[in-house]
């Protein structure tokens, strides 16, 4: 299975996406009257309709007529699917998963033939037959959809459904894997186009940024305009068959020095700077747009392509860094403090924490302070815990778990890309989410051109997390 | 193996294509100094260089660094390949075919594991492992090229080489099949874009029509302009990653009534008609442009998409027909007459042929007349043999051979698409090629919307060749 | 002087327009250091700066160097102007108007020469000299601005200023006329491009619709999106030198039957209809965008071009009508009722009005009812006065004043274009403005292709207002 | 009158241009049946048709209906004109020139009114009336054509006719001047767009380069492709209403050092250099495309805009020079030698010339040598006369005539633009034309950024021709 991309992903907006797809498909695929399956299936696909469904699927797979006819039949099947309700879709997919899997008997026969074949041409032919037997009918069917207009979009929609149902229907896992493999080949980065999105882009495209932004929500068109002003920029990957659907996009702020506070960055009152003078590009938000493409990795390529582009266009920009959330820190910290108590704090007196919280145990005291409403507005508190919190966060970010993987999923994403942990920022995101997830902390991951390869190697091969010297000291508890 | 597309294909213009690809690649992929394989391989790839080559391939497959690094290494390998001469390339490909095939030992192990696995999760896992073992390292390598700029174009170039070498090196057949499968998935018709090519198109594109036209050569820019005038049109398929490289194109003439003579059709002196008044669209030339995509079927989709487009844009155009060469007729006729003598003529007196040729045997006489220089300009001769020739041609076109396939390869292509044999045209192509291949005859295949499906079925399923009533009578020798 | 376009015009948004112009100009025109006037003038242009200003203007007019240098000097002068405040600009324009008018002495001399010249070449030459003497230096100066980048935009800005100042400074009238003449030639409809604006248009363009809409304000981006949905459309004229600045735009609703209520039309909850089925196109808003182009007539051409376009694209749309405000009705009605009393009502009992208002005089009673807050929500009132109001409105719309011109300025615009008064709609616009201006009434003007010419003639030549038969009866008090 | 642009201009290709214009106009303007003048005029416009023509013109000027109707009538008139033959067109234009001139009587009246008006408002009104009386009806008519589709193109066509007829019909001079003034305003450089033309441009555009190239003919599409290869470039001005019609274009070669031979420059065998390495840009051909725009100056702006563009895009290109023909040299030299004899040679022995020509008089001898066929291939001759010829050419180029204008028209053009005479090249153009016009000599004019202004001033103000030091010495006979 492909790695989890570990980036924020919007909740599937089934209805609106669907409406658009159906509307398009309705326009593109004209069913041919009473032969059409699309008009005959009931929304929840009762048992009585399964036979008709199977006939249509079988016709797609083996039916008469040339390749063109086969694709028209596939189109009709797709329309039929899109008219089903959730219950019907789930049944459709389960049926597809179970009835159109690899044919065990054929496969066993092919295995036997291979095992006993003499080397030479016979062995060779047996090998080909074996490969053929390993291609399930459902994969053949899915492939056919590509040929119909909007077919790829349909498959993305289908997979978004699959991902939703999969949690409760583990039988769908293999079908999901099949579809992932197909989509990963079609959406290979070699086919993607990097585009800059600006305030001159079509509104149809811009409204999707508002829909899909998953890290720091875009509140309004004014907010969006602010994020596309002169010292900001936005890049997205597109696929040629879906020229108006971004696959993933990243928002960048051009600033002087590494930024450490996201509310400041997004403040419309901030005076605009001349982008050509900026020495630093801050990647402050990266959002996947297509739930149906979960697991197809775009993010690493996107960041590197954008760094290349900015390096070329803005000769003064020499530092490329993220300003990233730390989604798992708060949960980890609570658990650490609860299970290990003061030991989690790595020594030290912490007298201020004790005094402020009125608690003899610094671990309990710290947790108590962090549970006070509006603690982050109380300078006395924030000053008292600041150093301790930064040190704890450093330790968290540099900790690895299973298979040498960083505990934090965003950290894992950037480290695997070859970035290093550069700086931890106190009171950097005071939004509700920032407080809940990471006690208002954020981190910068630095993409340093010459180190990317070696950072990646160290992390991937040995599970070593690369950091700036200050963060290294923090992590070592010094 | 995919069906042979059976259409004309230009001779591979290796050098110019190559120059362009290399030039582009040089620009896009900057090797990084002394680590580069591209600069170290000798043009004919002597044995001494094979170890270095293998190291680079292995690095591509398993080397350190992330996906981005892997693709850079692939780019360097591609550059290395492009600098080799034919000898070097052949050795490269043979090496790839032999050393990076499926690993027999791994496959055998996977087969064994599968055979003995208990049903349930173990069987399931064994099946996945079996599928994995069937993916050869060379396929993994080829897939990587997609991610580098111009990588797909490189693979098309590579396959064009493969096709040339394959005749002498049957060991390359499997590699060719692998590459075909990869390209067929990427160039699925669902990803292609149909474009109309006009005299307003960029010269860079138009000069390619001149290069690639494989049926009726385009003699000059004036000739090309004539073929793009108001009552002519030209459509091509493009793939998004190669926006200036047509994959296949078709030339259409808008006329009144089905045209029966290609020289007339191409005569610049022909007065232009108002295309909106034309009742017939004649598809008089269809050319594949990419030898490296041989076997990926575009032609059938192209014709149908163009018919749909014309039907929509030109409401008066109701007849859609080709004016096609009959490449195998002359050879077949000679063989028939030589082996079967007068019996081949299906009875009748043929006294005129005997008289004119001064030959007692009509079969020998006919052959003698057809060997006279400029026979096609001698009205006496052409009138004498006309009827007999048309009947013979009808028989040829309606004959099937192995597996119910039409003898003529162009006939096979159109019949498999659902067209029917509509009309046989005497003295329809008096060019050198027309005389050599088909004794100046041409044929119209008719695409009748309502019959396409059933025609296809009849041909594909039962080997029945559909024809117009007159041709049917001819074929039956009436 | 050109006719007053009589359409709504947005309040000049000096600051934002200006900022954009200056920003652009700053980028395009690089002053060359200390010679630049742009940096030396004080914002309010005190007397002390006038000499420097005159030197720069004179240099523009007669200075050394070729045409290219002359234009650079003009650019610098423009930059200087744009940095002035309102006070400075007014002084600049007054100075230009007074000091750079036609030179009286030269003109008188040319007149004398012409008067005494013998016929033949001498007369001919004198005529040319006379024409030359009638071109003022300020016109020559204004012409030069065209050659600098953004120069045309600058002149539009300059004229917007002029129009503001003119009310208090009648000395500026001639300069305004000069500039109008120049702009009218450059913005001749022959140079304009009609473009459809859709939700796929750039946000930079769409936000201008929100800014410039002057009839029914666009409240939000959602509102805008609603106005660009499938059964709505929007067309604008553009000039090639200002490709992102609409000059005028019209909003159209595609509906079944002539629409009579604008709130309904703009209601986002209205189900969308298939535009291809609509039989009627309603022009419900037309807005000029450039105060600096006041008096250059675009509206009549725009409506006719859009009618042509819709006629071609939507074969089912056969009725083309406006849904227009009646800006002068309320004022006229009050005056009529106050000065003429019941006589204004053209006879009848009006007992309901008297009863409801508790007033013996129907005229006073009607006014009293119309002054009740929320009268338009009170069915009893609206039913009681409905017929009477429609009749009064009919009379108003069909009344002409000076020179046979319709009293209502919007009526005048459409009648002069050849439309006819089709239908009067009661309670058609209950917005604040609708209540204030026309007691909630609106009117449809019908553009009937075959009548446009004759309607225009009747109105223009004889002051006859063409109407539908029902409105004609109303107007005649029947 | 505007200066003569003094650049090469193609012979008017009336027929093809016309066909295109008519074809377009036919499509755009649908006459409305029997009312149409277009269908009623006989091709040679006999006297009998003049009354109908006048009615149509009067209808355009004063006719009923709004502005839209007026323009439709103008369109019909234009169609009528385009269907006339040369004889008819000439009569049309003469009629327009004579009958629709300024109305003498009205003008005289306006002059009188002005003369006797009191100062103040009356004077002011009289002035406006005077200006109005100076606008001829024919100018009003011409202005109307702008509003019809393709109207501007029509006026350019009309003026091309005018220019042809004018030589024999001096009565057309004023009409030509009117039209020039109108076109000059519309084609002001502020409205023009500079575009780079490449081998990727549409063939419709590229074929126009072949048609219009007026200096060094483009022999074929291969030749054209060569002129658009990597180290060549081509820029043109376009007007927004004629997006596919270049107005003027310049061809540039990027080279090392100033080029001195045009055949070498155009030799396709010349290896291509990396344009980014070139230190010099040679403007070797500049051609006006529209005879109907003669006298509207584009060339000076074009050169300067292209220099700016190249300076920005190619940082290594620091020298900007032409390689220009010397069209008047041969004629001047013959005249000099014939009238002044040896004195024309400015002293010296010229013994070689005498010896080679066998002539005692060097002037006669020189002429005799230059009349030998193929003299330029005879090294003995070319060496003998080289120095003498270069000196003579230097003198010619630095000579001014009337009003301080350079004798050579191409010299005048570049000098007025601010260039200087940089280098004279012997045997630089051995084409037929080069031999005939300038005894194979060419000259480089240098555009040195810092000197352009002062060069222009010196030439324009004082008639001083600026040169490089070596040319200065030549011109002084040293």
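Labels for the chains are A, B, C and D, by order of writing; each one numbers its residues from 1.
Assume a residue touches a chain if its C-beta (ideal position, glycine included) is under 8 Å from a C-beta of that chain, and two chains touch if they have at least 3 such contacts.
For clarity, every value in this text was computed on a predicted model and none was experimentally measured.
**Q** Trace the shortest sequence of touching chains from chain B to chain C and report its length in steps.
**A** 2
**Q** Computing the C-alpha centre of each chain, which chain sits at the greatest distance from chain D?
**A** When every chain centre is compared against chain D, the largest gap points to A.
**Q** In whole angstrom, how far does the Cα centroid of chain A sit from the Cα centroid of chain B?
**A** 41
**Q** Could you grab the centroid distance between chain A and chain C? Build each centroid from C-alpha atoms only and quote it in angstrom.
**A** 51
**Q** So, what's the distance in Å between the C-alpha centres of chain D and chain A?
**A** 62
**Q** What are the residues of chain B that contact at least two other chains?
**A** In chain B, no residue touches at least two other chains, as defined above.
**Q** Tell me the shape of the graph of touching chains, choosing from line, ring, star, complete and other.
**A** Per interface graph, the chains form a ring.
**Q** Using the contact rule from the top, write out all pairs of chains that touch.
**A** Every pair of chains meeting the touch criterion: A-B, A-C, B-D, C-D.
**Q** Which chain C residues qualify as touching chain D in the complex?
**A** Touch list, chain C to chain D: 64-69, 102, 107, 111-112, 114-115, 124, 127, 130-131, 134, 143, 146-148, 151-152, 174, 185-186, 188-191, 193, 240-241, 297, 300-301, 304, 416-418, 453, 456-457, 460-461.
**Q** Which chain D residues qualify as touching chain B in the complex?
**A** Contacts found on chain D: 199-204, 206-207, 221, 225.
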